[in-house]
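In this document, chain identifiers A, B and C correspond to the written order of the chains, with residue numbering beginning at 1 in each.
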C-alpha cells in the first residue's frame, strides 16, 4: 500500500462529487474516494449504474471540477490549478467516451475532428505535416488514414467511430487515458478488437489507464488492479486476480456471481442479495451504504461507516464483516 | 405488414423482386424532388432573376407616367404588356420593382431575426445560469408587446425606409429563433463530442463556433424557410396600410392598395399583384417544405 | 417430440431503402416446442430483432415479407391474417418483452391500468376481477408491495421493476409463446440475473415456449434449451445448447465464443477478435456471408453459399465445419 502511494502517477484523494438538485437536496455521486494508480498501470473501476464511477471519471478530467478532494497527476493537484494552467495541462490526460456516435461531431470530417486537439494545443506545423500526423494516428488505431480523412462519422461503423475517438484522445500523446465504458456500446466481436487495440496502444504509448466499466469480465481483461464501487463509495480494491478469486466484500461477491458465464455446464450462481432496490444517492443509507441489501448486515453497519482496511498487501476492503 | 402471398406470386422463388417490392423500392428512391416541385422552383428563379436584373431589362421607369395611356388593360397596348395603372404607370415595371422590395424584406427580415436570435439562444443554451434567465425574461417581455405595435412604432418613428422595414420585421422573428437555438444548443452541449472538446482544453468560443454552430444551423435554416413567405405577406400588409416603403417606390402591397378604388373599372391593378404575390408565397412554402423534409431525411439517415 | 407451438417456414423480410432492397432476414426456418426456450443470438444487424417482429407481425410499413414465408402459431398461419384478426392473438397467444420497458410501457397510464386493460380485452374479466388478477400477477413477478405498485406510473419504478411489470403484462393472458427481445440489455448485472431467473420461472409455471433474443452468449448458455446463431439474416447454426457450445461446427459461432471476455480468464489475456465487419445486406456476397472474415475460408466459400446440414438435431451451414474430417 505504502509503495503504491509513493509511486502513484495518478492519485484520487478523498474525492467527493456532489450535484445540487434543489436548494436543499444534493446527489452524493462520489463520497471520499481514495485510489492510487502507478505509472503504466491500468486501474479498473467497476460498479452498477448509480455507483459514481462515471462521476469519478469526470472529476478526474475536471469536467466539472470535483466538489472536494484532490486529483494528483504526476505530483500536480489538478483541482488547484488555475483555469489557464488546467487548459494547458489537459493534453496530458484524455478520455474516451461510451457512445461512439455521440462522441464525434456529425458535421465534421475526420480531418477536422483530429485537427482539433492539434489546433487547441497550438502545435506549430504545416498543413501537410498535420495531415500526415493525423493519417499516422489513424493508421495506428487500425483505420486506413488516407481514406478516412475526408469522411464524416456517419460513414463509419460504431467500432470504427470508437477508433477515431481513441485516435483523437491519443494524438497529443497523453500520459493518462480515462476510458468511460469505452467498449460497452460495441458488439462482442468489435469489442474484442477494441480491447486488444487498447492493450496494444497502452504499451506503445506508455499509457496509465483508468478503465471504467460495468462489465466485470471486460475489466478483468485490461486491468492490473480493480476497484469496486457501490453508491458513491469504494467497497474493495485489489489486483485483478485476487478480487475475482477471493472477493472479500459481500457486494463484490454478488457482482461476480451475477455475471453469466458462457458455459452451459457452469454451476448456476445464486445471488445472496436482500431483495430490494438501490437506495437513492440523494439520501444514502447511514453507515455502510450497502447494508440495505447486504445478507450480513448488523446494527454496527447502520451506525458506523466502514473504514478501508488492508486484508492482505494491496487488498483493501471497506466492510465490517469481510469474507476471507 | 406487407404480405405478398395474397398477390398471386406463389410459385416464384423468394428472391424474385415482386411488384410490391419494386413499388416500395421506387418510393424509397424517389424521395428526392417530385416533378411537381419544378414549377414553384422555376417560378421563384424567374421572379428573383427579374428582381435582381430589373434596371437592365429596359423597362419603363416604375414611376414614369404615360399620359396617353391611363388605365390600359393588359394586352391592349404593346408598350405596356400588363397594362398601366390609374396614373398611367407601367404595371409590369411596377410589379418587377415591387418584387425587389418584397424579396428583400422576405430574405433580410428572417436573416436579421435569426442572426440575433441565434447569438442569444446559443449563449443561453450553452452557459445556462443567469445568462439563460436574463435572455428568457427579455424574450418573454418582447413577446408580451404585440407585434403590430412594434411595427407601427417603427414605421412612425423611423419612417418607411426599406432598411427599417426589414429591421423591425426582423425583430419579430428573434424570440422564436432564440428559443429554437437554445433548445438545439442544450441538446448538443451535453453530447460527448462537446465534452471531448472541453477535455482537450477548447475555449467556449471555439466550442460554440466549431462544435455547436454547425449542428444548430440546420433547424434555423428550416426556420428561415418558413419565415420568408411570412415576411413577404407581412410586408404586403404593411404596404397596404401605407406603413412600408414610401409612396413612389412600388411594392406589391402598395399597388394592391392603390388599385382598390378602381376595382370595378380597372380590376387588373389590384388583381395582378395579388396573383403574383399569392404564387410567390405559395412557391416559397412548397419549396421550403420540400427542403425541410429532405433535411429531416438526411439527418435521420445519419443517426 | 412435444407439442409444436411455433413454426416459422422460410421467413424472408426485406426493407426498401434509398440504395436498394435490404434483406434483413433471408430464409429462416425454425420450430419451437411448448415448455422450451430457444436462444436467438447474433450481433447487431444480424436480423434477430427483425425476425422477432416478423413473427409478431409488428413490422413497419416499408417491410416486405417473402411470398413463401409462413409463420404458424399453434398450427394457424399468421401470415394470412389481417391486422384485425391478429390483434386478439397478440397479447393472448403470443406476447413480447422489449429491451427498454420505459418505451414499451405507456408513461401516462398506471401499471394496473395497463394490466387490467389487457386482461379485460382478452379475458373479458370484470373491473374488480381484473384488478385483483393484476395484483396477483405483479406479486408473482416479484414486484414488492404489489397493492401499492398497481396504482403507480412507470416512471415511479426502477428499471428492474419496470421490466418485471412489463413481464407481468406479457404473461397476463397465459400466452403460448413469449418473445423476449434483449430483455436485460439495459439492466445492471445483478438485476439481469434476477430478471432472467424470473423469465425462466414464468416459462416453467405457465408452460410457454420462449424465444430469448440476446447478443450475450453468457445469457444463452445458462438459460436456454436450444440455441440459434444468426449472421447476416440467416441462422448459421442451431441445436441443443451443449452441442453448440461443446461441438461447435460453424466457424462464426466458434469465433463469437472465443471473442467473449470471460471472468475466468487470466487478466490481460488477448482476445481472439473477429476481424472485419458483417457484409452489406443490400448487396450481399454470393457465397457464405461469413467467408470474408473466416479463418478457414476457401475459394468455394466465396462462390457457393453453403446449404444447411442437419445431423442429430444439430444444424449448421458451412462447407468446412469444425471438428469434422472432410466436408460432406
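Convention: a residue touches a chain if its C-beta (ideal position, glycine included) is under 8 Å from a C-beta of that chain, and two chains touch if they have at least 3 such contacts.
Keep in mind the model is a prediction, meaning the values are calculated, not measured.
Between A-C and A-B, more C-beta contact pairs join the chains of A-C. Ranked by separation of Cα centres from chain A, the top chain is B.
Rounded to whole angstrom, the centroid-to-centroid distance between chain A and chain B, based on C-alpha atoms, equals 49 Å. Chain C has its Cα centroid 32 Å from the Cα centroid of chain A.
Shared interface positions of chain C, i.e. residues touching 2 or more other chains, are not present. Looking at chain B, residues 301 sit in touch with two or more other chains. Residues 191-193, 195-203, 206, 210-211, 214-215, 301-303 of chain B are the ones that touch chain A when the two sit in their complex. Per the touch definition, chain A reaches chain C in the complex via residues 48-49, 157, 159, 187-193, 195-196, 199, 214-218, 220-224, 240-241, 244, 254-266, 268-269, 271, 273, 275-278. By the touch criterion stated above, chain C contacts chain A in their complex at residues 43-44, 142, 144, 158-161, 188-194, 196, 215-223, 241-242, 245-246, 255-257, 259-275, 277. Interface of chain A with chain B (complex): residues 61, 63, 86-88, 90-91, 94-95, 97-99, 101-108, 112, 116-117, 120-121, 152, 154, 165, 168-169, 172.
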